[in-house]
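The data blocks that follow each hold one structure.
What follows is chain A paired twice: with chain B in the first complex and chain C in the second.
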Partner chain A sequence: MLASTIAESVGRSAGANGSAGGYLGPGGGASPNGATPQRAYITGMFLALGGILMFFSALVSAWVVRRGLPNTDWQPIPLPHILWLNTLLLAASGVTLAYSRRCLRTGREADHRYWWGLTTILGMGFLAGQLLAWRQMLSTGLFLATSPGASFFYVFTAAHALHLLGGIAALFALAVRPPRRLTPDTATRVVALYWHFLTALWLLLVAVFLLAG
Partner chain B sequence: MALPGMFRRYVFSTDHKIIGLQYLFLSLAAVTIGLLLSLCMRFHLVWPAARLPFVTGGVMTPEQYLALVTMHGTIMVFFVLTTAPQSAFGNYFLPLQIGAMDMAFPRLNMLSFWLTLVAFLVTLSAFLVPGGAPISGWTAYPPLSGMGEITGPGEGAGQSLWIAGILIFCVGSLLGSINFISTTIDLRAPGLTLSRLPLTVWAWFVTAILSLLAFAVLFAGGILLALDRVAGTSFFLPAGLVLSGQLQTHGGGSPLLWQHLFWFFGHPEVYIAILPGMGVVSHILANFSRKPVFGYRAMVFALCAIGFLGFLVWGHHMFVSGMNPYSSLTFSMLTLSIGVPSAVKTFNWLGTLWGGKLQFQTPMLFALGFISFFVTGGLSGIFLAQPALDTSLHATYYVVAHFHIVMGVAAIFGIFAAIYYWFPKMFGRKMNKGLGQLHFWLTFAGVYAIFMPMHFVGLAGGIRRYADSSGASYLVSLQPLHNFMTIAAFITAGGQLLFFYNFFRSMKQGEVASANPWDATSLEWATSSPPPADNFAGQLPSVYRAPYEYSLPTAAQDFLPQHLQSEHDPAQEGRSC
Partner chain C sequence: MAVVARRSIVVFRTKVCFVVTVLAMMCALILISTAAPRAAAQGCAQCYQSAAASGAAGRAALRHGILILLVPAISLFVAILFFLYRRRDSAGNAPVSRLP
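Up next is the complex of A and B:
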């Protein structure tokens, strides 16, 4: 059920509430009054995710190269255990967000807002947990410049946290003041795409740290 | 009080046309500064001991010369060659050519411009801080760029500001590319299928994809470099560096890693600069040959192929970096393979000209100049793509001549062609034809006079980035060529005053242009000059045919605009708002 819910909130990109034709169709994408069609916001978010993916791919490539240098000064770094709790919180936020979107589609407005709020709280819980993880690292004497592994750990977690902070801002903004140009379905789908992407990205980064461990 | 309204209309505007003009004027300011910097360099190469009033200390030091090299390259590559062809003309004409009212995300568009402007000011401010501008070149190789002031003047605050400026520029370009791609995918007019897109739109589309993928990587590299400088990390800084007698504390990083990250951006950047020019040239050649573009489909595939291959060849900038020779071989073969789609484009341009009723308007001349420089610069590129030759030529003026002709001047000629071509649409008046032709011939001859001898200086071993070559006897014998190039550079730069005079005078006093002064077919000519705020005055067009229907035997006027439903019905078909 979870998989299908997430797939639903992610998968239907074009066509559903845009005009006919899809991405390679015969044009006619703009609404009759010239306004930006809803599906352009989905397209835009997919493209943004492509850019973010390239950014993190570059960092991961740098990590692979830096770690594999001959005569390397690379040392494995001990990961703070709280990372596992954080990972759990973030994964849970993905579930609550998908469920919140399902409530919206089935017309249960109050439930939608409840689960949306819970997602926001779980996201903030994740960020607070990341701060604690940093404090634990610092207290054991692992600073940004202590070793290359630590440098990459801080860079990865900070870059991810900053992106997630943007996600939390979007969750808040949508709850407080719905945007004028986007329908609720489009707006929540754009945010959900971003959020699920960052969740998946975090799981990938955790895998990277495990490999390094 | 009309001021807030003016601000909203011309300064903080979300109208893609105003934003396009803002980008255009930004790049005109940048190209002026970049050109003046290059004149200072050329002057110094001939009179190294001259006292200059604007140089700190009177006589230019080698470090100050390197700062000029750095800032000239940075300003030209980022704020001219990236900004004008894509951001300026793409912003103005992409929505018009696809029959849309604006970009998909107008406010994001405004943000992109303002970030680019801030990036420009931050980068320029490197001149004003103690130590001056950075000396590490536009490629900012570490360890030189990563250690701070100890490696030279300009490597303190100047280099930090440089990195900050580039990071801001990256964000602006990323947001802009998202807008371009979304707009092209989702806002096309009814009937505007992919095979009916003008080649300009295809070029901006492919370029935006390159920007999205490449600038994200430069952003990542720039952040790591900044951390190496300010936070003491060692991503790029190797162990055991001794500077000014002091052993440095950094350790274990790889300068080569920066080169890979930088050139993974840097090579696609070359195509970000040139692809929009290719689109404009195809568009203009069809218009002034009165023929459809020869091999439209092949042109589109060649654009896509160049864009794709552009991501696989970054290592050819690193043949002398100590990279594995087998990597060099791979990069060399992939680089040479770009010759195939490039040759397809050149062949099809010639095919478009062949048998056409050629009209040598100013934009046509600059489009032909573009092809000339693209071929000349492309041919010297074939030599440089081979590691054995590049090893000998890499540090010489041969490389400077190559990339200036193929990337710099060809792209600049694309910009000139676009300005002369679209000026009537942007300002409702034509530029002066006589001045335009004079400007073309002066610039065309001048550029070859500057850069042809430069190839021979390079072949003879003239080393680039040297501020003063009077100390080495074999370099002294090349000095007459340098003198010639400097004189040519000053004359050519002076010739650009013709352009600026023509440009600003024609804005106010040029001959009034009709909606479609070149008898062209694409949608930007289906509206008034300049277009109203909503582009098509409430009647968004539909598209009924391919973009280059010139010289139709059946048509009354020899051409058929894309938006006309039938050649027998001259009334514009539109859909109401």
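Up next is the complex of A and C:
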């Protein structure tokens, strides 16, 4: 239902764009003037990802040091079971996003819109699942200040969820209104880079929690 | 003949510039690393004592934490250098293939 709504909004924005080829444009995803891909936006996204990577590296580093210090009140926390479902949802959203971009490149506009909307829904499902995970943690008596491990868990998941919220906003923005300066190919590529990075980052965080939690 | 010679000169200059840049960076790294022991003596006394008092496990945890911070930073540095080298001719300098 929501996927079709988003797909329709993409279609409306494509019509508003005025191009004969719809959202894809006359070049089917290529740059309008036939130039090379807009590298500046890709480079900018890579720089942003570098900053995010360093931010989470600092968090993991603090977590490792805090956990390794002797004679502290560190207690391992049980991970909520719904975290597995959330991980599955996020991984699935990465697959649907990749397929959506593939549809864009091959000129299948309707399929692109459908899979793009499905990616948005899966992302929102992940965020809802994270809220449920927090509720499960709270119901077992693990609050933010209960133990350092619980505090780190909340900080990690909240920071990741905030970043993912930005990704969902970008997915929505592209669905509602095509960007003015970016070609569809560049815009979807930038968003896909961000999304896949956050997916990989989440898998890494889960692995860290599992192996050394 | 002259065109080939000119291309060779440009290629040679590009390679020399890259090698000089890499050598300069290596020299800077060596200088920094040799200065590190002296810099260690200027560390915060409270941090030093706190780290020393944390025992072997605490020091190991600190080392791991430093490594976790170091690896992505170095990776980003190397990646940026790599992309700079790959696109060294994209701004201003004409590619060798376009030379007359």
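Definition applied: the second predicted complex is superposed on the first by the 174 of 213 C-alpha atoms of A that agree within 3 Å, B and C clash if a C-alpha of one lies under 4 Å from a C-alpha of the other, contacts with A are read in each partner's own complex, and residues count from 1 in each chain.
Following the convention adopted for this analysis, a residue touches a chain if its C-beta (ideal position, glycine included) is under 8 Å from a C-beta of that chain, and two chains touch if they have at least 3 such contacts.
Note that this is a predicted model, so its numbers are computed, not measured.
**Q** Looking at chain A, does chain B or chain C touch a larger number of its residues?
**A** The partner with more contacted residues on chain A is B.
**Q** For A:V155 in the superposed arrangement: first (chain B), second (chain C), both or neither?
**A** first
**Q** Going by the contact rule set out at the top, does A:P70 touch chain B (first), chain C (second), both, or neither?
**A** second
**Q** Please work out whether A:G44 is in contact with chain B alone, chain C alone, both, or neither, and reply first, second, both or neither.
**A** first
**Q** Mind working out whether A:G167 is in touch with chain B, chain C, both or neither, as first, second, both or neither?
**A** neither
**Q** Quick one: is A:A145 in contact with chain B, with chain C, with both, or with neither? Answer first, second, both or neither.
**A** The first partner, chain B, only.
**Q** Is A:M54 touching the first partner chain B, the second partner chain C, both, or neither of them?
**A** The answer is both, since A:M54 touches chain B and chain C.
**Q** Quick check for you: in the superposed arrangement, does A:G129 touch first (chain B), second (chain C), both or neither?
**A** neither
**Q** Hey, what residues of chain A end up touching chain B and chain C alike?
**A** Residues 43, 50, 54, 57-58, 61-62, 65, 69 of chain A touch both chain B and chain C.
**Q** Inside the complex, what are the residues of chain A that reach chain B?
**A** 18, 23-30, 32-37, 39-40, 43-44, 47-48, 50-52, 54-59, 61-62, 65-66, 69, 72-74, 144-145, 148, 151, 155, 159
**Q** Which stretch or stretches of chain C touch chain A in the complex?
**A** Within the complex, chain C touches chain A at residues 54-55, 57-58, 60-62, 64-66, 68-69, 71-73, 76, 83.
**Q** Given the complex with chain A, which residues does chain B contribute to the contact?
**A** These residues of chain B touch chain A: 98-102, 104-105, 174, 177-179, 181-183, 185-194, 196, 212-213, 215-217, 219-221, 223-224, 227, 231-235, 239, 251-254, 257, 260-261, 264, 534, 540, 543, 575, 577.
**Q** Can you name the residues of chain A that touch chain C in the complex?
**A** It comes out as residues 43, 50, 53-54, 57-58, 60-62, 64-65, 67-70.
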